[in-house]
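The structures come next, written out as C-alpha cells.
In what comes next, subunit A is part of two complexes: it sits with subunit B in the first one and with subunit C in the second one.
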Partner chain A sequence: MKRNHPGLIAIAIAIAAFLFIFLIGPILTVVYTAFTDGQGNFTFSHFLAFAEISLMRESFANSLYVAGTTVFFATIIAIPLAYLTVRFQFRGAVLIQTLGVLPLVMPAFVGAAAMQLIFGRSGAVNLILMDNFGFSIPIMEGLNGIIFVETLHYFPFILLNLSASLATIDSSMEEAGQNLGASGWRLFRKIIFPLAIPGYIAGASLVFIKVFDDLGTPLVLNVTNMLAPQAYLRVTSIGIEDPIGYVICVILVLFSIAAMAGSWWFVKRRDYALVSRGGAQAPKRKLTSWQTAMAYGWIIGVLMLVLSPHLGILLMSFFKVWSFSVLPEQFTLVHYATIFTDAKQMIWNTILYCGLAAFIDIIIGGAIAYIVIRTTIPGRQILDHLVTVALAMPGLVLGIGYLRAFRGIDLPFGMGALTASWVIFVIAYSVRRLPYALRSCMAALTQVHPALEEAAENVGAGRTRIIRKIVIPLMMGGLLAGFVTSFITAAAEISETILLTSRESLAPMSYGIYLYFQSIAGRGPGAALSVVAITIVALGTYISHRLAAAATPHQQVGNRT
Partner chain B sequence: MRHLFTRSTLASALLALLIPVGAHAETISVVTSFPKELTTAYKKAYEAKYPGDTVEILNKNTSAGIAYVREQLAGSRPEIFWASAPDAFEVLSGQKLLVNIGPGNPEIPSKVGNYPVNDPKGFYRGQALAGYGMMWNTRYMKANKLPAPKEWSDLIQPIYFSHLAISSPSRSGTTHLTVETILQGEGWTKGWEQVLKIGGNSAAITERSFGVPDGVSNGQFGIGLVIDFFGLAAKNSGMPVDFVYPSVTSIVPANIGLIAGAKSPGAGMRFIEFTLSDEGQKLLLQKDISRLPVLPAIYKQAPADYPNPFSGKIQAKVNFDSTLSESRYMVVRSLFDQMITFRHKELVAATKAIQDAEKRLAGRPSAQLDEARQLAFSPAVDEKQIKDPALLALFKAKKGDAEASRAKAKVEEEWASRAKANYARAITLANSAK
Partner chain C sequence: MKSVGIEIKNIALAFGSTAVLKDITLSIEPGEFFALLGPSGSGKSTLLRLIAGFNQHQRGELLIDGKDVTGIQPWLRNVGMVFQNYALWPHMTVAQNVAFGLEARKLPSAEIRSKVASALELVDMGGLANRRPGQLSGGQQQRVAIARTLAIEPQVLLLDEPLSNLDAKLRTQTRQELVQLQRRLGITTIFVTHDQEEALTTCHRIAVMDQGIIQQVGTPMELFDFPVNRFVAQFVGSVNLYPGRFITEGDHLRFESPTLGTLMLPRGLELQSTEMDLAFRPHAVRFVDDPNTQHENNLALKGIIEDSEFLGEFLRYEVRVGEGRIMADIPHVRGALPLKAGSAVHLRVSSEELRFVTA
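Entry: the complex of A and B
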C-alpha cells in the first residue's frame, strides 16, 4: 500500500509551500529584521541596544519570573488533582474533569478583567475582608496578578497531560515499590511521579510558553514591563520599523523553541518506556474519610477559584452598575440587546474566520497525516516538523511577521491589501491551529487499519476512491474533533487578533470583547459578548469530547510504541 | 457524493468572496481613539443619512493611529483622523499627512477662551471640546474618608497616597495633554515636581487612558486624572462617580482631519461636515457620550447642569501652546515613561519614605529631607536642557536611523538609571532624616 502517487507528491509540495510562505517566511522576516541594519547588512547592534536598555533587561527577567512561577503554582494545583483522578476510587472525578476544561473556554484577558472585580483592590473579596478584618490581599497587583490569573487559566495543561501519563504507569512498578516498603508520599515521590515525568514536562513546557508569550493578560492588568507587552507597545506606538520589537520577538521565539526542545530532550534522555502498559492498570485505591474530606476541600477550593471569573463575567453581563460593592446592582438585559444589534458582524466574523480556518486545518492536517503515515515520500516527516514549529510560535511574533512580510502585497480582484483584509485572519488562525488538527487527524488515521484500504485496492478501487470512500469516512470522528478544537482555540485567540485587526468591521468577537472593555458604558456589552463567546466555545468543547469519545471506544494507549 | 462535495465547496468559496466586497460605492475609514459608543452613534447616524456610504472604524490609540497612518501607502490611506490630542494633528500635518480643509460651519466660534477651535493653518478642525480634570468614585472616597479634590495640587497631599491613577503620555494622547497642561501651567520644574508627586501617589500607571476611568468607575482607584467626557459619561450612565475641572486646565478641541492620500477624499469631507452639522453635534449630548459640542447653539438642548465652555463657567487659566507642546512631544513622553511608568515601584517607595519622614518630623526643617525631595521630584532634564535643539532633534530623528535610535536609547537609559538611583538615595535620606 505504500506507493507514492504523483498527486500525493504534488499535494505534499503544495502544503510545504503553504507552510513556508505563511509560517516560516514571516518568522524568517522577523529574524532577518532583528539582525540587519537599515541597508540590509548583518548587525548585532539591535541586540546590544536591547541589552543596554535596563527596561528590556527587567522585562526579560519579569517574563521569565512570571512564566516560571506560574508553572510552579500550576504544578501545585494540578498534581493532587491528577493523582486523585487516576489512582483513587473517587466520585469527584467528574468535577476534576470539568476543572480541566473550564478555564480554557475563556480567553485569559477576559478572565483577568472579571477577576479584577472579584479579587482586585476593591473587588468583592477584598471589600469583605476590609469590612470584617481590616486588611486586604493585594493578589491582583502587578506581576502577582498575572501569575494568579495565568495559573488558574493554564494549570489544565499540566493536569491533562499528567493524568494521561499517570494512567499508563504499570501497577507492577508501584507494587514493587510497596513491597520494598514505600508508601504514601515516598511512593509518589520515588516511583509514581518520576514515571509520569514525560506527561508532566510536556504540560509544564506548554504552560511556560503560553505564559511567556501572553499579551492580553498583562495589557488588561496594566503591566507593561514584560517582554510581550513591550514588543506590542514598541511595534504599535513606535512603528513597524522599530528594531527592538523584532529583537523581543526573536527572544520569544528562541525561548519557545528552547522550552519545547528542552522538554523533548529531557524525556529522550532517559528511558521511560515500560514493558507493559495500559492493560495492567493499578487497582484504584479507596480514600479514607479524612482523605476524602481533604480531596473534596482541595477540589472545591480550586473549582471556586476557577469558576470565579466565569461568574464575574455572567454577573457583569446582567447588571448595570458594579462599583465598589460586593455584588453588582440594577439588573438589566440591555447589554444583550446591544450586542445583538451592534456586534452581530463580529459574531459572524468569528464563525466565518474560525470555520474556514478549521476547515483548512483538517484538510491540510488530514493530508499531512495521510502522507506521513501511508506513504514513503522522502522528507515527508518535514511536514510534521514544520507544523510543530507552529505550536511553538507565539501569536504575537507571527502577527508582527505577517504585518512585516506581507506589507504592500495586494489581493487580486480589488480586495485591497492582504494585511488589511479578512483573509489574513483565516490564514493566521489556520496556521497556528494546524498542530491541534494534525494531532486529531494522526490519531484518527492510525486507527484505520491499512488492511481495509488494501481490501478496497484488491477489488479495484483507485487511490482517490479509497481515500474518499474508506479513509475519510473512517476518520470522520477524528476530523470533526480536529475541526472543533481548531475552531474553539482560534475563537479565543487574542494576541494575533489585536495586531491584525485593522478595521472594526473585520474584527472577530475576541477583538470586540477587547474593544468593548475599553469604555465605561461598554463593560456590560463586553461581558455579554464574552458570555456568548464562552457559550460557543464551551459547546464546541463538549461536542469535540463527545466526538473524540465516539471515535475511540477503548483507550488506544500503546498503539504506537 | 462528489457533486455534493464540489458544489458545497464552490458555494462556500463564493460566499466567502462576496462577504467583504459589499455593495457600497464609497467607504470612509476613520482612524480614531474614541470609544465604541461614540463611533457607533456617528456611524449609524451618518449611514442613515447617506445610505450610499459605509463608515469603517479603525479603533487605535492616538500614537498607534499616527504610526498606522504613516505606514500606509499614499492612495490607500484611511480618510479621517479623529482624536482628542491636538498635538497628534500637529505631528500628522508636520509630516504632510493632512489635507488643508480650512474652517467649516461659520456658526462655530473661532476661539474658545484664547485657544483657536480650528487649526489656524486649516489642516484640521475642532469637532468637540474637552477639558481635563479629576474624576472620583464617591463610594471609594466615603469608605476611605477622603475629601474630594479641587485642584491638581490637592492630589500631591499624603492623604491621597496610593488612591490615584493616571495613564502614561506615551500610551494616551489625552494624558499627554494633561501632563503638558500642568507643565505649561506651573512651569517645567514645578510642573514635573507636581507630576512626579502625583505619580508617586498613584496606585497604578495604566496602559490605556481608559484604564483610569474604568478603574475609578469600578472602585479600584479613588481618583483618576481624566478627560472630561470619561467622567461625565460615567456619571451620566449611573456610576457612583463625580467629576471636576481644576483651575489649571485648558479647554482644547478634540479634532478631526482629512488624511492626505486617502482613497475617497470626497466622502471623507462629507463625513467631516456631518460631524460639524447640527445633527452631528447633537449626538455629543447622548448620555453615554457626554462631550462638549463646538457649536454653541447645541447647549440650549443640553440638560441644565451640562458644562458649557462658552459660558465662562469653566475657568481655563492655561493658554495651551500647541507649538511648544509639539516641539517637545517625544521628550515629554519618554521622560514620563523612564521616570514614572517604568520606575513606578521605586517612585512609590520614595514617595512613601518621604511622606513618612514628613510625618515623623512634623514640620521641623531637615536638610536630608529637602535633599530627598529634590532627588525624587526633579525631572532628569532641566529647564535649560529641554530647550536644547540637539536633544529635541534626537527625539525627532527618523526611525530607520540606527545611529540616532542607539543614541536616543542611550539618553533614555541615562534618565532611567539616574531616576532609579535617585529614588533609592531619596529613600535612604528620608529614612535617616532627623
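Entry: the complex of A and C
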C-alpha cells in the first residue's frame, strides 16, 4: 500500500516550503540577527553587550529562578495527586481529573489578573488576614506572583504525564520492593518515582519551557525584569533593529531545545524497557481513614486555589467595583454590554483567525500524517521533525522572527504589509499549533488499518478516491479533535498576539483581554471578555474529548484484522 | 539458616463476590520444597501472594513458624518472593537490586557489600554486578531475582512460575539448579506452577489446586499413582477416564459404562461407591495376541484401532471400545511397524493399575 503518488510528493514539497518560509526562516533570521553586526559579519559582541547590562543579567537569573521554582512547586502539587489516582481506590479520583484540566482552560495571564484581586496586596485574602490577624502574605508580589500563578496553571502538565507514567509500571516492581522490606516513603523514593521518571521529566521540562517563555503573565503582573518581557520591551520600544532582543530570543530558543533534548536524553539513558513488560497493574489499595482525610484535604486545597481565578474572573465580570473590599459590590451586566459593543470585532477576529489557522492545521497535519505513515517518500520524516521544531519554539521568538523576516513585504491586491495584516495571525497561529493537530491526525490515521484502504483499492478505487471516500471519513473524529485543539490553544495564545497586533481593529480577543487588564477601569470588561473566551475554550475542550471518544468505533474496525 | 514450617488453616478469600480461595488447609514442613500445581485461575498464585502478604484472607489463619501473620504487612514478613517476570528494577544495577532489601533493613554498608557479593556468588552472577537488568539475558535476570530474594535471608522462599519465561532448554537446567540450591540452603520453598512436569521433577510434595480448592496433596508419585478424583487424574499425567456405575456381582465387580459398555472387572477390587470413574494410565494398557490369555487379574477389552501417533519411545494408539475411546501407549521397539487403523486388538490392563476416582 506504500506507493508514492507524484501528487503526494508535490504536496510534501509544498508543505516543506511552507514550514521553511514561516517557521525555519524567521527563526534563522532571529539567530542571524543575534550573531551579526550591521554589515552582516559574524560577531559575538551582542551577547557580550547583553552580559554587560545588569538588568539583563538580573532578568536571566529571574527567569531561571521563576521557571525552576515553578517546576518545584508544581511537582509538589502534582506528585501526591498523581499517586493517589493511580494507586488508590479513591472516590476523589474524579476531582483530581477535573483538577487536571481546569487550570488549562484559562490562559495563565487571565488567571494572573484574577489572582491579583484575590491574593494581591489589597486582595480579598489579604484584606481578611489584615483585618483579623494584622498581617498579610505578599504572595502576589513580584516574582512570587508569577511563580504562584504559573504553578497553579501548569502543574497539570506534570500531573498528567506523571499519572500516565505511573500507570504503566508493572505492579510486581512495587511488590518486589515491599517483599524485600521497603514501604511508604522509601518505596516511593527508591522504586516508584524513579520508574515514573520518564513521564515526570517530560512534564517538568514542558512546564519549565512554558514558564521560561511566558510573556503574558509577567506583563499582566507588571513584572518586567525577566527575559521574555525584556525581549518584548526591547523590540517594541527600542525598535526591531535592537540586537539585545534577538540575543534574548536565542537564549529562549536554546533553553527550549536544551529542555526538550535533555528530557529525551534522560529517558533514553536509562533502560526502561522492562518497566511495562506484560503483567497486571497493581490492585488499587484502600486508604485508611486518616489517609483519606489527608487526601481530600490536599485535593480540596488545590482545587480551591485552582478555582479561585475562575471564580474571581466571574465575579469581576458581574460586579461594578472590586477594589479594597473582600467581595465585589453592585451587581451589573454592563461589562458584558461593553464588550459586545466595543469588542465585537475582537471576538469575530478570534473566530476568523483561529478557525482558519485550525483548518490549515488539519489539512497540513492530515497530509503530513498520510505522507509519513503511508508513503515511502524519501525524507518524509523531515516534515515530522520540522513540526516538532514548532513545538519547541517560543511564541515570542516566532513573533519577533516574523516582524524581522517579513518587514517590508507587501501582500498582493493592495492589502498592505504582511506584518500589519490579519493574514500574519492566521499563519502564526497555524504554524505554532500545527504540532497539536499533527498529533491528532497521526493518531487518527494509525487507527485506520491499511487493509481498509487495500480493500477499496482491490475493488478498483484510485488513490484520490480512496483518500476522499475511505481515509478522510474514518479519520474524521481525529481531524475534528485536532481542529478543536488547534482552535482553542490559538484562541488562548498571547505572546505572539501581543507582538503581531499592529492596530486594535486587527486584535483578537486574547489581546483585548490583555489590553483591558492594563487599566483598572478595564478590569470589568476584561473579565467579561475572559468569561467569553473561557467559555469557548471550555466548550471546545469538552467537544474535543467527545470527538475523541466518538472516534473509537473506527479504531475497532481498523484493529479487527 | 533455620527452616520454618507454614500452617494454612481454613483460609478463604474472595475478590468482591468471586470466591478465589475456599477453605484451604495445608501444612508445609520446615525445609520442604512444596509445589502448588493447578491451571490458571485455580487460586495457586493468589495463595502464594497471600503468604507473601499481598492478598489478605477474610477467614482462617496463616501461621509461619508457628506465628499468626494475618494482617502483617508484606514488608514486615521476611518472606522472599521471586516474581514471574522477575521484577528487577531497570534503574538499578544488579548489585543495587540485590542490596535493596539489605538497605531497607539498615545494615551497615560493609555487611551489605559482603552479603550482595555472596548472594550473587550463590547464583553464579558475581561478574555481572554492575550491569543493568536490561543488559542481561532472561536466565541471568532470573538468577539476579533469586539472589535479590535470598540476600535478605528470608524465612520462606516463594517462587511464582519461575521457569515460565525461560526457553525449553534453559528451563530444564534451571530446574535442576533450583533443586540443588534448595537442598543446599534447606529453605522452606513454595513453588507455583501450571506445569505438572516441573512440579513432579522438583518438589517433595505437591498440592493440586482447582477452583480455589485443594484437590489433593501428596508426593509426586502418590498423585500420579493414586489420584483421588477426576481432576487430579487428568491434570497429573495422561489418563483414560470413564464415568459409570459399579455393581457387586459375586466376587466380581461389574462396571456399567455408557461408553465402554458393561465390563467385568478382575477379582479383588473393592467397591467404594457405586457412582465413580474408572481410571487407568495409557502406559498401563497392553495388547495381547491371544484373546484367551491373561484374564486373571486383568481387565480384558476388545477394540478396533482408530489412529496412532508415533512419539519416539512409544506409540500412542487410539482404540475404539464400544462407544468409547481408550488411549494406549505401547513401547516402541526398533523396526516395529504401527498397527493399521481398523485392525482388531485385545487389550489388557492389570488390576493394580485400575483406579476408581470420584468425579
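Convention: the second predicted complex is superposed on the first by the 544 of 561 C-alpha atoms of A that agree within 3 Å, B and C clash if a C-alpha of one lies under 4 Å from a C-alpha of the other, contacts with A are read in each partner's own complex, and residues count from 1 in each chain.
Here is the rule we go by: a contact is a pair of C-beta atoms (placed from the backbone, for glycine too) under 8 Å apart; a residue touches a chain by one contact, two chains touch by 3 or more.
All values reported here derive from a predicted model rather than from experimental measurement.
Participant: Answer with clash or fit: subunit B and subunit C placed together on subunit A by superposition.
Facilitator: fit
Participant: Considering only the touch criterion stated at the top, classify A:Gly181 as touching first (subunit B), second (subunit C), both, or neither.
Facilitator: second
Participant: Quick check for you: in the superposed arrangement, does A:Thr224 touch first (subunit B), second (subunit C), both or neither?
Facilitator: A:Thr224 contacts subunit B only, not subunit C.
Participant: Between the centres of subunit B and subunit C, viewed from subunit A's Cα centre, what angle do you get? Round it to the nearest 10 degrees, please.
Facilitator: So the C-alpha centres give an angle of 160 degrees.
Participant: Touching A:Gly120, do we find subunit B (first), subunit C (second), both, or neither?
Facilitator: first
Participant: Tell me the contact category for A:Ile191 with respect to subunit B and subunit C: first, second, both or neither.
Facilitator: A:Ile191 sits against subunit C, while subunit B stays out of touch.
Participant: Of the two partner chains, subunit B (first) and subunit C (second), which one does A:Leu352 touch, if any: first, second, both, or neither?
Facilitator: first
Participant: Let me test your reading of the model: by the given contact rule, A:Ala417 touches which partner, first (subunit B), second (subunit C), both or neither?
Facilitator: First partner only.
Participant: Quick one: is A:Thr98 in contact with subunit B, with subunit C, with both, or with neither? Answer first, second, both or neither.
Facilitator: Neither subunit B nor subunit C is touched by A:Thr98.
Participant: In the superposed model, which partner reaches more residues of subunit A, subunit B or subunit C?
Facilitator: B
Participant: Considering the aligned complexes, could you tell me the closest Cα pair distance between subunit B and subunit C in angstrom?
Facilitator: 45
Participant: Overlap the subunit B and subunit C contact sets on subunit A and report the shared residues.
Facilitator: The answer is that subunit A has no such residue.
Participant: Would you tell me which residues of subunit A are touching subunit B in their complex?
Facilitator: So the residues of subunit A in touch with subunit B come to 37-38, 43, 45-46, 49, 52-55, 58, 116-117, 120-123, 130, 142, 219, 222-225, 229, 233, 236-243, 320-325, 330, 342, 352, 356, 407-408, 413, 415-417, 421-422, 468, 502-506, 515-523.
Participant: Which residues of subunit C touch subunit A once you look at their complex with the stated criterion?
Facilitator: Listed in rising order, the residues are 52-54, 73-76, 78-81, 83-85, 87-91, 100-101, 104-105, 132-135, 148-149, 152.
Participant: Which part of subunit A faces subunit C closely enough to touch in the complex?
Facilitator: Result: residues 170, 172-173, 175-183, 186-187, 190-191, 194-195, 197, 270-275, 277-279 of subunit A touch subunit C.
Participant: Which bits of subunit B are touching subunit A when the two form their complex?
Facilitator: Touch residues, subunit B against subunit A: 1-2, 12, 16-17, 19-21, 29, 35-37, 39-40, 54, 56-61, 63-64, 67-68, 70-71, 73, 76, 137, 139-140, 143, 170-171, 203-208, 210-211, 213-214, 217-221, 230, 233-234, 237-241, 288, 338, 341-342, 345, 399-402, 405-406, 409-410, 412-413, 416-417, 420.
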